[in-house]
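Below, chain A partners chain B and then partners chain C, in two separate complexes.
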Partner chain A sequence: MRHLTKLFWVVLFAFAGSVFAAADLEVNTPAISALKASMQARHNRLSSYYFSGAVGQARDGNVAVHDASLVPLAERQNVNGLVAEENRDRTALYREIARANGHPEWEAEVRSTFAQRWIDKASGGWWVQNAGGAWVRK
Partner chain B sequence: MQKRIIGSLVATSLIMAGCVTINIYFPAAAAEKVADKIIDEVWQLKPDTKPAKPSPENKGEVK
Partner chain C sequence: MYSLLKSLRLVGACGVLLFCFDASAIELKLRVDDIVAPTFSLRGIDARLTLANPTVLDVHIAHAQFQQHEWRKLTLHCPQARIENDEIACPQGVLESVEKIAVSFRYWPQKHRLELVVQPAAGERWKTQLSWRHDQLTMQLDIDHGKSTRLNTWLPLQDIRLSQGWFEMRGKLEWHKSMLTRFDVLTTLHQVAFSDTAGMRASEKLSGTIKLQGEGKGTWAWHASVDWRAGEVFWQPFYFASGVRKLDAQGLQTAQQVIIQQAQLFWQDIGAINFSGAWDRPAGRVAQFQLSGKALALEGLYRTFLQPIAPVGTLRELTLSGTVDGFVSLDQGRMDAAALSVHQGAVMQKEDKFSASGINANLAWHQSQARDNRLSVTSGMLGKLAIGPFSASASIAADRISIEPLRIPILDGAVNIEDIEARHEKDGWQWTLSAAVQPISMQRFSQALQLPTMRGTLSAVIPQVRYAQQTLQVDGALLFKMFDGTVVVKNLTASDLLGPTPHVYGNIDMRNLDLDLLTQTFSFGSMQGRLDVTVRDLELFGWKPVRFDAKVASSPGTYPRKISQRAVQNITALGGGGGAAAIQRSFLRFFDQFGYSRIGLSCHLSRGVCDMGGVAEAPTGYVIVQGGGIPALTVIGYNRRVDWDELLNRLQRATQGGKPIVQ
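This part shows the complex of A and B:
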């Protein structure tokens, strides 16, 4: 009887805890850290293409080749590879954030939140895709 | 007596679980916060600052 009451309170507080936890998003997992590190390392190679306008921030939360003609022919394969790798990491990042918070179905919303923030935080001179899908230079 | 406690324990759990299920919507503000943090790290930006525009004199004017 006594410990049943105790159990009752434990259950109550456990729920209260989970409600408070919902206010924040968990991003400190090994998978997310690894993805961040991989993207950070790649950024040094991608940023010159962001500045030249060859690659831009797409509205779907990915990066995309905006103008391949700005890249010398010999480098184009390399750019396509970088873009594909970056998009693989970004997709995995959105999925991992949703999963780490117990809601895999949030992946699309995580993606659209990031899409907006990548564009907002893009440096002046970079190309970004607006809501209508047109490319604009920031 | 014991049955009643177990009953109320189960009932409370179900009600609370129901509340949690209903109230858990996508935390947009929290998502924006973590997005900003991760983007700052990936792009190596200083937190809470917009990236500095490259100085205009170094940038060819596009007219």
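This part shows the complex of A and C:
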């Protein structure tokens, strides 16, 4: 019976995974477009911090300050502000993509998928957080 | 240190003394017992005195400790030692540890005095004068051009390291039976930089003075003055640019508490803040704390201390001006009471979403009692709408806010807001209110919003509004009167209002709109008649439609029904038909107006595409205008699916009087 119960959960999770695999991560809505536009505009300001290593791609789908000492003192508050704004938009993006797919409960999976995407697509020289939480340079 | 000196006097008595002779000199080897005191220890001390010309003294200390700081393998080499009856001197010694350091000292055993000068680097000089008698030890400290990095081991926050800069220190310290009983130390910092490993707490080019004074046995009376003259500090999330800041504080310290009897902090661009309080040392929390300030500059206060801790969004996007008097009281680690008076304040959202000026307020809060509050605003803007003046009275308690009926003038009308209540529930604050819009001239309203000039008045009744967790919900129906008809909005909700994805949902029913007024307003081409508009499942994002199911249809009833040739052309363009060209080719072009029996157009908007329909089906499309009377004209729409943005472009061209594009 225990084996059957285990099998049930394995099948259930496998099914849930395959259902999420059907999610359209490229889905577009006005909200998603607005968020992407906002993030794109911010990217120009964040880009130099990615390359310097001050800011990196975290494993949880957010960006994070990796080494603030690489930024002049007067800019650090601004960097923190940019990071907070970017993370607010990313959180909203994951939520909106899940909603646009008709499954708000997929938000965590969307976040997790995007987290890997950001890290995979990070340019050489950027800092990213590996699965163990350690920061590594791509 | 006192015990060390006492021990040195007994060097011969407590050590093992060996005499070694050679041809030119007598060498005395001494092993001194370990010197151990509550605050320090010296272990493994060996000394060698070579009695020659000049006399040489070498001292080796295996391990030295002062409080939690320790050094290993210290060697003092005095190549020109002077040993006299009343003085032992080492004018050009070298202390070797991690690095070689120039050291000199003079020791007067009978006078109980020691003068020690350490010169770790060129220009850097640490001079100490010690004198002792009975149980009393006095230390005079004089440091010139001290490298700030040497203070790293003494910093209370061990994850912060000093990396640059230098300092001067002058002071006097007194001990009684190994207990510090008095100190008076002035430290001047120059160009000091510090940082933690993450760079979240750091300074650059920090200059200023710190004066610390204290006296006591058991209970300490202390006085601290800090004068920050230059340099910048980032202390996550705050950034302090170079400027004048001064702190002066005095108080008491016991084993139980650190008490600030009175303190004043002067901050350039803000003003002077007075505070007092007590820190409960065993509990590790604030026992009591009071803070007050008068005529503080709101702009500096917000920019320096409030903006960095505000959540991302509107509260970080403000520009404030005016002055405030403030008071905050904490008791046992919790805020107990607060009061704030605003004088001639002004607030402006950076993207001009809202603003207010002439703000005067007396606000108060107490954790266990409700307090009366008053606020008045001379004028303001909500988007492009002018509001004010208005005033509000409120009762504020720890978990409840109740605001008396409020009248906010808008243009030539007003919004009356009643039953404003806020309650602090488990998941945050929940607001409720009801409101009514007193008639506002549509002409002024539309002009203010830079819309085509409309006629009539705008009025509304809003039965109840609830707001919690960034979601606004309107219970009942919003009722507007426009274009001589009625507009009812039901099931209105809005989410993430202050966030990046503000959504609005609702259903709209418009009844008996006067087509003549409507088409005049939007220059669509003259039409006479009455119109009903039904919008279901409306979803707006950023005030733009994302989804809806809308129907426009002639109102039931008897009224004149006329449509101009231009309106026909515009409607035809919306439906994507070739009617306009057909009119031009036929005799109908001689008529300015046509009769009709019904008008109808529907749009189901989803994913940016409008699925269109009319009042009836036609063989190759759908009927938008059903002809009636003489001359009559029927307009057929042919495009079933139209891109929403394209449809808006067509509508815009039509209402701007441009030539319609017929497809």
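Rule of thumb we're sticking to: the second predicted complex is superposed on the first by the 112 of 138 C-alpha atoms of A that agree within 3 Å, B and C clash if a C-alpha of one lies under 4 Å from a C-alpha of the other, contacts with A are read in each partner's own complex, and residues count from 1 in each chain.
In the analysis below, a residue touches a chain if its C-beta (ideal position, glycine included) is under 8 Å from a C-beta of that chain, and two chains touch if they have at least 3 such contacts.
Keep in mind that this is a model prediction, so the values were computed, not measured.
Colleague: Between chain B and chain C, whom does A:43 touch in the aligned arrangement: first, second, both, or neither?
Modeller: first
Colleague: Does the superposition put A:85 against chain B (first), chain C (second), both, or neither?
Modeller: Once the two structures are laid over each other on A, A:85 reaches chain C alone.
Colleague: So, A:125: does it touch chain B (first), chain C (second), both, or neither?
Modeller: first
Colleague: Tell me which touches more residues of chain A here: chain C or chain B.
Modeller: B
Colleague: Would you sort A:117 into first (chain B), second (chain C), both or neither based on which partner it touches?
Modeller: In the superposed model, A:117 contacts chain B only, not chain C.
Colleague: For A:109, using the defined touch cut-off, is the partner it touches chain B, chain C, both, or neither? Pick first, second, both or neither.
Modeller: First partner only.
Colleague: Of the partners chain B and chain C, which touch A:58 in the superposed model: first, second, both, neither?
Modeller: Neither: A:58 stays clear of chain B and chain C.
Colleague: For A:97, using the defined touch cut-off, is the partner it touches chain B, chain C, both, or neither? Pick first, second, both or neither.
Modeller: first
Colleague: Chain A touches which residues of chain B in the complex?
Modeller: Going through chain B, the ones touching chain A are 1-2, 5-6, 8-9, 12-13, 16-17, 19-20, 23-24, 26-28, 30-45, 50-54, 59, 62.
Colleague: State the interface residues of chain A toward chain C in the complex, per the touch definition above.
Modeller: Going through chain A, the ones touching chain C are 29-31, 34-35, 38, 65, 67-71, 73-74, 76-77, 80-81, 84-85, 88-89, 92, 95-96.
Colleague: State the interface residues of chain C toward chain A in the complex, per the touch definition above.
Modeller: 195, 198-200, 202-204, 232-234, 236-239, 241, 308, 312-313, 316, 496, 499-501, 503, 541-542, 544, 546, 607
Colleague: Mind pulling up the chain A residues that touch chain B in the complex?
Modeller: Within the complex, chain A contacts chain B at residues 1, 4-5, 7-8, 11-12, 15, 18-19, 22-25, 27, 32, 36, 39-40, 43, 47, 51, 93, 97, 103, 106, 109-110, 113-114, 117-118, 121-125, 137.
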